[in-house]
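Here the structure comes first, spelled out in structure tokens, and everything after it is commentary.
Going in written order, the chains are labelled A, B, C and D, and every chain counts its residues from 1.
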Amino acid sequence: MRLQPRPASLYAPSVPTLDLPAASEKSVTDRDFLRSAFQSMLLARILENKLSSLYKAGKIVGGVYLGRGQESVSAALGTALIRGTDVFSPLIRDQAGRTAFGESLLDCTRTYLGSVLGPMRGRDGNVHRGRPLEGVPAMISHLGAQIALVAGMLFAKRLKGQLQGVVGATCVGDGATSTGAFHEALNLIGVEKLPLVIVVANNQFAYSTPNNRQFACGDLIERARGYGLGGWSVDGTDLFACASVMREAVRRAREGGGPQMVVAHLLRLVGHGEHDDAFYVPDACRNDHYGRDCIDVAIPQLVANGHVTTDEIHAWQHQFAADVQRAVAQAQQEATPDPYREDWTAISTRFPISQ
Amino acid sequence: MSVTYIDAILAAQEKLLREDDRVFLYGQDIGVFGGAFKATKGLAAAFPNRVFDSPISEDAMIGLAVGAAIEGLRPIVEMQFADFSSIAFNQIVNQAATHYYRTGVPIPITVRMPSGGTPGSGPFHSQNMEGIYAQYPGLIVLTPATVADAFHMLIDGVALDDPVIYCEHKFLYRWLKAKSINNDHLPIGQARIARPGKHATVVAYSAMVHEAVRAADRLQPDGWEIEVVDLRSVKPLDLDTILASVARTGRLLAVGESFPWGGVTAEVISLVSEHGFHLLDAPPQRLNSRDTPIPYHPKLWASHRPTPESICDALRHLLRF
Amino acid sequence: MRLQPRPASLYAPSVPTLDLPAASEKSVTDRDFLRSAFQSMLLARILENKLSSLYKAGKIVGGVYLGRGQESVSAALGTALIRGTDVFSPLIRDQAGRTAFGESLLDCTRTYLGSVLGPMRGRDGNVHRGRPLEGVPAMISHLGAQIALVAGMLFAKRLKGQLQGVVGATCVGDGATSTGAFHEALNLIGVEKLPLVIVVANNQFAYSTPNNRQFACGDLIERARGYGLGGWSVDGTDLFACASVMREAVRRAREGGGPQMVVAHLLRLVGHGEHDDAFYVPDACRNDHYGRDCIDVAIPQLVANGHVTTDEIHAWQHQFAADVQRAVAQAQQEATPDPYREDWTAISTRFPISQ
Amino acid sequence: MSVTYIDAILAAQEKLLREDDRVFLYGQDIGVFGGAFKATKGLAAAFPNRVFDSPISEDAMIGLAVGAAIEGLRPIVEMQFADFSSIAFNQIVNQAATHYYRTGVPIPITVRMPSGGTPGSGPFHSQNMEGIYAQYPGLIVLTPATVADAFHMLIDGVALDDPVIYCEHKFLYRWLKAKSINNDHLPIGQARIARPGKHATVVAYSAMVHEAVRAADRLQPDGWEIEVVDLRSVKPLDLDTILASVARTGRLLAVGESFPWGGVTAEVISLVSEHGFHLLDAPPQRLNSRDTPIPYHPKLWASHRPTPESICDALRHLLRF
């Protein structure tokens, strides 16, 4: 099944239809956005390559899940959001979005390497890291479960009178759309009219399971209407397209246009985790349009439009590689958690009475 | 005028909404309708924009509450019946319960669970889930047995920074009455001597406290003085009070309305056997419901759960040692 | 929000679009179907009125949930199905469908009155009754949970090579569409392409909760497409319309057209249960088009089309009232379960070892 | 050639598919991919149309299995991790577990639950849920500890007419090896003496059997002979074998990898305290994991669950009475 990107307006009946300028037209006016998003993509790729080597060298315990091929989608979303104002609950393939939303490299390396100084203090690992009080929830593994949580943060902000101008966003994969949690939460954000942007990265596989064993519609965006969400379908390998769709979806949510759903089409360019060689992905998928590497797609576009120069890219590459190296080195020399000093309690209340 | 158990729950929520603007209520049919059991009657009108009818989405309801708690609010979520919390199970045990340990950010949500059997309610409107939730680190599980506790423990529970599973017994809703709500009360985590005695200790909680007291009253004419301990909260569980009682009586029967495998009574027996073995003059005993789903027909239901009669039988057996 | 019945073809892109004859046109050729469906409606109404009186007289322990106002939808579905071949998992407002599918009056009265001879033997009550081995699953209370179960029965029939010509059907309310179970199951039947007909009776309220607190789309049929289901939207107060849509949806499922979703629009004309006076239903709802009583709508239509005469209806009324009376009387004099003879075990295995 | 624990699970499924055409497999990534742990490797190819990749819909997966069971088939559903069965919780405990009692129609489904901790897996890929499911009437809960049991109990479990929760321990998957799979084995419902002894009884199950045997071995040089009972199934629970062992040793320690409140160890201690009180020469003891979510970092994880060291400590304490 080959998907054609479709005009979003077809699926966005509950939102006033607005003719988007073609991606390339609009993007030229958005130099800063594109440069910034691209930097996040690049840094994420370099960081993840490093994590992959560390994993293969046995330096990381537990899984490593990478976002290779999804950086455009994730970075475009993260760049459209405002740290300190918005809520962003990243999922497993959102290193680029995390970076764009302002995650420090150390938060990442410390978590993967089990430093007790990381945000999860060795208690939880890898992609589960978050800083809930700074607008970055810490995901649980159960797919779909974060959407309602972000909805709750927005709901609370509304009750507190602090929702004005705020957006919440979270990502899921094609597989996560089959969960009951996904459905209940999307229905709820529709009913509560919360400014939430849900991004579905349809990377054609859920672990090894292809789309045709996961859902039976043509494009998952066909579900937006049933929830009363604005709907957007975008080529996830195209940074320019992602940038303009994400900005527009986020803008509408921010300006009172209600919840928005974006479905991005692409291919997962790595295994499910670094333990997986993805033998089940047919060559046909790798070789088709959505098998493109979004970074390879972005570079000539950015250069051709005069947004960046090749020299700049090289300089960034060097700088990011050094930054990553430093963050890894620092995390590696930090203390790991000590079971004898660990506060073995799951509740914050200290009852005076014996338990 | 008298106050029922459900009046107390309504009054507690009213007070919470009035005094703490971090509190809001979320649940099915709790707005205009006032809840399936009328535990929120009138609150939507009295507190506009603080009481919300939710879609039939238990998973998302708890997810929403957890998010709101991160933002500093104190949601109270009503499950229409405890039995339907099976749909919210993942969000309760994996999202809410683990959050503080994982992130250091506590989740002060309260989930109200209308629990327990009533005649004719059948397998899916009668369940007790305290023994399920108490297994999970990170949850506090409250099981009030009196009108005053229904009131104070809901207020104290909402004040706790951690997720609270508040098990309110449907059988007590309108049957249990008090003159008024006393102001002094025990803190959460402390059990109560519901009836003093010296020959045996019955540990019970929620509706079973009353059945145990009835059983104790019946044995009184025969000269038996049975002490009844009301656990009040099953997690944390007040072992000190139980041990002190068993130290006086030497005999222990734990009574619960849940299914017989594991659960609260097993935890109580295990704790006492481990920590108070030398205090026991007889094998500690358990009495729970039967190992089948909760039957619909009142005649079956009545002998599915412990009754004053079956508690008396168990006590007589215990006193024979 | 007032809904207009919409052409089903709008929402049924995955099924070859077929122009349905207007309901009234087609129905004249379907005299037997309409007579049979109407008889089930009438019998269900008379039976349920009796259950209501028994409840009010304190003769029934536990809840009584009636289908008043939904008989056209339910009976049309039940009549389109074939007992002995199909699977029908009725929900709480499906007395008419149960009757049409061949449920005996005694199964109903025995269950409500707790006779030990009923299919649930006093162990479960009221609308939970079923005869799973005869194609009528016994519902649990948790909304949405039966759909996947019916899917499993169909899936098994396929594996056994016995699916040819078989249909499975089940009903849910508007409220049940918000459950994760509903979503997971509909997605699954789409993926597995099972011949399942899911009927959503949108009676505008879930207990007391109106549609606008339950979902945010216009018509729930807008969800069919996202699951790859054929979609039908119908006026649930109109027996003729229900008959032609149900027959068509069932026919397509039976003939390999894949899963079908029917959304019927109507109003619940009773309380949620007989304990509920439904004070929250505004007069505007009661007085509008969907507030019509489907039996009152059907009678003049049937008579005008020459399908039944007024005399016949009167005769049926008398007969059904007598039948119901007999079934109630018999159930009332039967033994209720005896806890001392009850086999208190939840498993069929008898382990030789102490447990 | 040697057989691992997971080889045994694969072989059992292969045999079941080959010999019983009522059996089919349903689960995420179990087809071409062979399952997250390769427990179904090659089966999709060998048995076309008997092994199905499911959508990520745990609730619907179990719902489907129950329906198929009504139709006379014997589905085996693989949860990718036991932890994700929280999504299927309702269908397991309310649909599958209650069906036989309610309708008289048994539900022969088997749910495979990759359970238990491994280093670095963290709070949501390490859980043990046997103590949750065993609370529900209508479910059979199996916890094989050996390669032979992994094989035979899966086969015997599928043969049972009732819903079976089959808890397979991920730590044992590749670490546990046997020369071959013996043909004679105990029936479900019977516990096994994993290591004979006379000074104390350790009751354990699943991976903890091996930790307990290790602990016992360490105490041997000091002259202590510790008996280890492998429960094999936690529901039904073979009290006779446990009591016979405690009758010999007079001392009991129950070890489990689950959270400390309630669960299997509490059930074991309670049963023995009730029915074998006079056999006990010392307070019965429990050892479980700590009362927090399962930590990700291997250093934390290693001291979250019982270890040979902590079991030795608990035994020394027990032997001191």
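The working rule: a contact is a pair of C-beta atoms (placed from the backbone, for glycine too) under 8 Å apart; a residue touches a chain by one contact, two chains touch by 3 or more.
Everything quoted here is computed from the prediction, not taken from an experiment.
**Student:** Could you tell me which chains make contact with subunit A and subunit B both?
**Tutor:** C, D
**Student:** For the pairs A-D and C-D, output the one whose chains share more C-beta pairs in contact.
**Tutor:** Of A-D and C-D, more C-beta pairs in contact link C-D.
**Student:** Hey, how far is the Cα centre of subunit A from the one of subunit D, in Å?
**Tutor:** For subunit A versus subunit D, the centre distance works out to 37 Å.
**Student:** Quick one: report the Å distance separating subunit B from subunit D, using the average Cα coordinate of each chain.
**Tutor:** Going by mean C-alpha positions, subunit B sits 30 Å from subunit D.
**Student:** Take the average of all CA coordinates in subunit A, do the same for subunit C, and state the distance between these two points in whole angstrom.
**Tutor:** So the centroids are 43 Å from each other.
**Student:** Distance between subunit C and subunit D based on Cα centroids, please, to the nearest Å.
**Tutor:** Taking the average C-alpha coordinate of subunit C and of subunit D, the gap between them is 41 Å.
**Student:** Two or more other chains in contact with one residue: find those residues in subunit B.
**Tutor:** Counting only residues that touch two or more other chains, subunit B contributes 54-55, 57, 59, 83, 86-87, 90, 94, 97-98, 101-102, 123-124, 137-138, 235, 290-293.
**Student:** Return the residues of subunit A touching two or more other chains; collapse runs of consecutive numbers into ranges.
**Tutor:** 120, 123-124, 128, 140-142, 178-181, 184, 187-188, 191, 213-215, 345-346 - these are the residues of subunit A that touch more than one other chain.
**Student:** Drawing the touching chains as a network, do you get a line, a ring, a star, a complete graph or other?
**Tutor:** complete
**Student:** Give the list of subunit B residues in touch with subunit C in this complex.
**Tutor:** Against subunit C, the touching part of subunit B is residues 28-29, 31-33, 36, 53-57, 59, 81, 83-84, 86-87, 119-125, 290-293, 295-300, 302-304.
**Student:** Hey, which residues of subunit B end up touching subunit A in the complex?
**Tutor:** 24, 49-50, 54-55, 57-73, 75, 87, 90-91, 94-95, 97-106, 137-140, 160-162, 187-190, 235-240
**Student:** Can you tell me which positions in subunit A touch subunit D when the two form their complex?
**Tutor:** Per the touch definition, subunit A meets subunit D at residues 61-63, 114, 120, 122-125, 128, 140-143, 175-176, 178-181, 206-209, 213-215, 280, 336-339, 342, 344-346.
**Student:** Considering only the defined contacts, which subunit A positions touch subunit B in the complex?
**Tutor:** 119-121, 123-124, 128, 130-133, 137-138, 140-142, 145-157, 159-160, 180-181, 184-185, 187-188, 191, 345-349, 351-355
**Student:** Taking the touch rule as given, give the residues of subunit A at its contact with subunit C in the complex, in rising order.
**Tutor:** 14, 177-184, 187-188, 190-191, 193, 212-217, 220, 222-223, 225-229
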